[in-house]
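Read from first to last, the chains carry the letters A, B, C and D; within each, the first residue is number 1.
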Amino acid sequence: MCLKPGATDVADVARHLLDELTARGVAFVLDPQAAAILGGEGVERGALAEKADMLIVIGGDGTLLAVAREAGARPIPILGVNQGTLGFLAEVAPEELDAVLDQVLAGSLDVVLRTRLRVRAMRGDEELMQVLALNDAVINRSDLSRMIDVETWTNGEPVTVYRGDGLIVATPTGSTAYTLSAGGPILMPGSRALVLTPICPHGLSQRPVVVPDTSRIEMHVFPREGTAQLTLDGQVAMTLESGDRVLVEASEHPAHFVVSPFRSRFDVLRSKLGWGRA
Amino acid sequence: MCLKPGATDVADVARHLLDELTARGVAFVLDPQAAAILGGEGVERGALAEKADMLIVIGGDGTLLAVAREAGARPIPILGVNQGTLGFLAEVAPEELDAVLDQVLAGSLDVVLRTRLRVRAMRGDEELMQVLALNDAVINRSDLSRMIDVETWTNGEPVTVYRGDGLIVATPTGSTAYTLSAGGPILMPGSRALVLTPICPHGLSQRPVVVPDTSRIEMHVFPREGTAQLTLDGQVAMTLESGDRVLVEASEHPAHFVVSPFRSRFDVLRSKLGWGRA
Amino acid sequence: MCLKPGATDVADVARHLLDELTARGVAFVLDPQAAAILGGEGVERGALAEKADMLIVIGGDGTLLAVAREAGARPIPILGVNQGTLGFLAEVAPEELDAVLDQVLAGSLDVVLRTRLRVRAMRGDEELMQVLALNDAVINRSDLSRMIDVETWTNGEPVTVYRGDGLIVATPTGSTAYTLSAGGPILMPGSRALVLTPICPHGLSQRPVVVPDTSRIEMHVFPREGTAQLTLDGQVAMTLESGDRVLVEASEHPAHFVVSPFRSRFDVLRSKLGWGRA
Amino acid sequence: MCLKPGATDVADVARHLLDELTARGVAFVLDPQAAAILGGEGVERGALAEKADMLIVIGGDGTLLAVAREAGARPIPILGVNQGTLGFLAEVAPEELDAVLDQVLAGSLDVVLRTRLRVRAMRGDEELMQVLALNDAVINRSDLSRMIDVETWTNGEPVTVYRGDGLIVATPTGSTAYTLSAGGPILMPGSRALVLTPICPHGLSQRPVVVPDTSRIEMHVFPREGTAQLTLDGQVAMTLESGDRVLVEASEHPAHFVVSPFRSRFDVLRSKLGWGRA
């Protein structure tokens, strides 16, 4: 068991967690960010995910995205604790932590599988990058390119050329992130699907398209001038040149998230999005 | 084998089809609408679907929707032939009919399963109606009710109260119909999902929600005044009173459509929606 | 000076207002709805608007819409007092009423002119109705017509045929009402413009169009079957038949609203729409 | 009179125009781009606009945007000739040029005034740039900043903080350009208004806002990290740092465009946007 805070303002929650773990006789390991705050030796997140039985992450959704990406393929359960503000991923509030710990140790909590994207960037035969993304892969124009064309295929079949600021491929988890701002729908966890959302498309009849999560999505990127950019989970970015290809498909290694017993997915949506309650 | 035209302007295509079937030695039965045009005795569509090996439907998407609904639960393949204008469902052009017939008889054509909705309207314990819908179930305000509230649950869990002109539950097949006009995404066939799209929602943060097609959706209808309306596939309508419930889930009896060998699903979308080609 | 409450739950605010007016030596007249609650003789709103120096309206936005419509062409200032919930039009809170009264009597409050629509429904040469609307004129399909065509002209020049659920013509005041739910922009007061917003348009490239408020807008209504409906401010409705015409232009008689000294227009928008503050 | 082509594929139209001008005894001057193609001495566009009676521009909308910006404050009529494809601004087709020339020389063509934005970028007391833009001023995040905050005021009054990819301020002329892709409405020429459209806003209740063209709009730019970018008409760009301010108001020097006698503004919209005809 381990702890992965991202900033000093999580120190109090983290120290409380250490006390609780110690009191319950649970061994734990810290990642480098946690060690920097709490003292002791840190273990890199990838190595840590190899050994631990669970990852407890204290921080916001951004920290959880980074951990889920860096934890790699292993199906280790991730428990997200927020710093007082409900997140889409960090569902457990600090004051709920003790009760959740008891249920975790009693083995009575559910785990939900969250689809991750396996994203590969290719230049000719060369693989430029391969990343597991939990939220989304975003291709967009760079500062100097007014518009880009993204020729898109699924399962080898042409979809369309998206012309505009770019294209988002998002998982159900990512459907409440950037694609929502770009006009995309919300995909409930369990809807075995991905969504392709054009960003400020030039063609007014372009609309978000939901495809089965068995789809192999291939995108060829053609900036009108200059370069384009590929961004994963809003955190990892690289430059694309004209003709580069981005291949996206659902990974066979979904992330495993511990489900909060205190709120349903729709509770989270209603709270975060300001919906009324049924 | 049978023929189901809906109007006199399909008579030429229908007569040509009869000649082709006769020439190939294929027995066929007409539905009443076909018999009215071509002569002979018509058999009701429900009964016809019980006996025939395939339903050939000549007409627009509206005719295909009606046939798919009336054909009932049996998994009979449906072949849609249009009258010269490509439809979302009526993919085969009259001039392609002969070639498609040959492939059908050779058993070389694919069939795609299209999810249908089992829609039940309830008043207290009384079932008011039960229908299989291929496109959508639409709850909307009637002329005299300025706004309606639709309290919505999936799998017994509250989603939200949709306040506005109403709510659409659509299949992937229906995702290019009314929900698209209301701002919904396109769901590719095979995305085992349904989409809930609010119609002119009062709350600006309301967005289309995609749910797994295993979801049981329950909607309680509360017009602010007067009544509301339930419409299936834009063709069958009934009046709802305050407190009536509409239950929607994917039927275990999907419709079986013969896939045109001449165009992919994205070909149809590009053509119908005016998209550019990849 | 007069009072126009619409419901018994405004009685306390109304009684307080009467006391304050009496204490300040201001004469007042009640409308029938106020008289029903407070006792005494009521005077019809139209007649009342002829005689009074100001209309004080206690109620929600709906009451203010009705009063503004019924008050007719005369440029009488209207002061909207809400029942505890901020309205788009009823900006003054009950607890602010005394301070506002003092400023009104001192002549130190501003009045903003709000464009009203002069809406005429025509059948051949016959004028079916003529109404002054503060928010919007809405043409929409009725329960039985799946879709309507609205052929639209401005200043005698063809715009397009809107096909779908209908068309909204809204003033800046009405731009935060129904058209906003249908995807229209917000028009700040003072933007001498009207907005045409299609409702669930069949064509995906149809977008809201903002026209100068000097435009004469003419709409010819063609339901695909059955009838259509014309609704003014969500309160007055009539049935339209195929071929009926609706003529809309900005009236030369705008409504005069007293501006609350306690909040700007953007304060109201931020509060009602849940925007963040600059 | 002068000619301003931007590329060699306009040479034929340009040569034909020179012949026609010569045949009609009309003196003309070339800009450097025209001189490079047709030979002779070119005069810078700004100087040329000082002397000529009309600017004839052969090219696409991009060329017209550049000319309108570079021509400066003087109210010189601009005639836009396209290269065979109708533009929003370049309305005159090559084959219509002779007839239009005759009408121009007969003084029988109308001129429409198109609002231009006076855009100033400020850092503290320093003015970084001042530009006249015909379409739009766009503030957006740069490659490295995930999100920017744009605190916005009109006439000194706070509007809101736009959080997301950025904010567009567009004229009616620019309303069919980038803002349309971002979800903004179309503003007809003559609607004395500007539109503020957020780009992929984080808050779902953010909507385009139309303001009177007498508004002074002030935007303070705060990238979450890194820098932001200011782009005028999609052609002139500069980098903004945190705290930089962008001031936008309608210039008192609108552009003067010669109106094509062959098509109305709605003809252009219907053709460019694929609308049906009334």
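Heads up, the rule we're going with is that contacts are C-beta pairs under 8 Å (C-beta built on N, C-alpha and C of every residue); 3 or more make two chains touch, one makes a residue touch a chain.
What you see is a predicted model, and the numbers here were worked out from it, not measured in a lab.
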Contact distance in steps, from subunit B to subunit D: 1
Which of A-D and A-C has more C-beta contact pairs: A-D
Chain centre separation in whole Å, for subunit D relative to subunit C (CA means): 35
Interchain centroid distance [CA atoms averaged], subunit A/subunit C, Å: 46
Separation of subunit A from subunit D, taking each centre as the mean of its C-alpha atoms, in whole Å: 40
Junction residues of subunit A, two or more chains touched: 180, 204-205, 207, 273-274
Touching residues on subunit A, where the partner in the complex is subunit C: 204-205, 207, 274
Subunit D contact footprint on subunit A (complex, rising order): 142-144, 146, 164-165, 178, 180-183, 199-202, 204-205, 229, 234, 237, 273-274
Complex contacts: residues of subunit A adjacent to subunit B: 151-154, 157-161, 163, 172, 175, 180, 184-188, 190-193, 195, 203, 205-212, 214-215, 264, 266, 269-270, 273-278
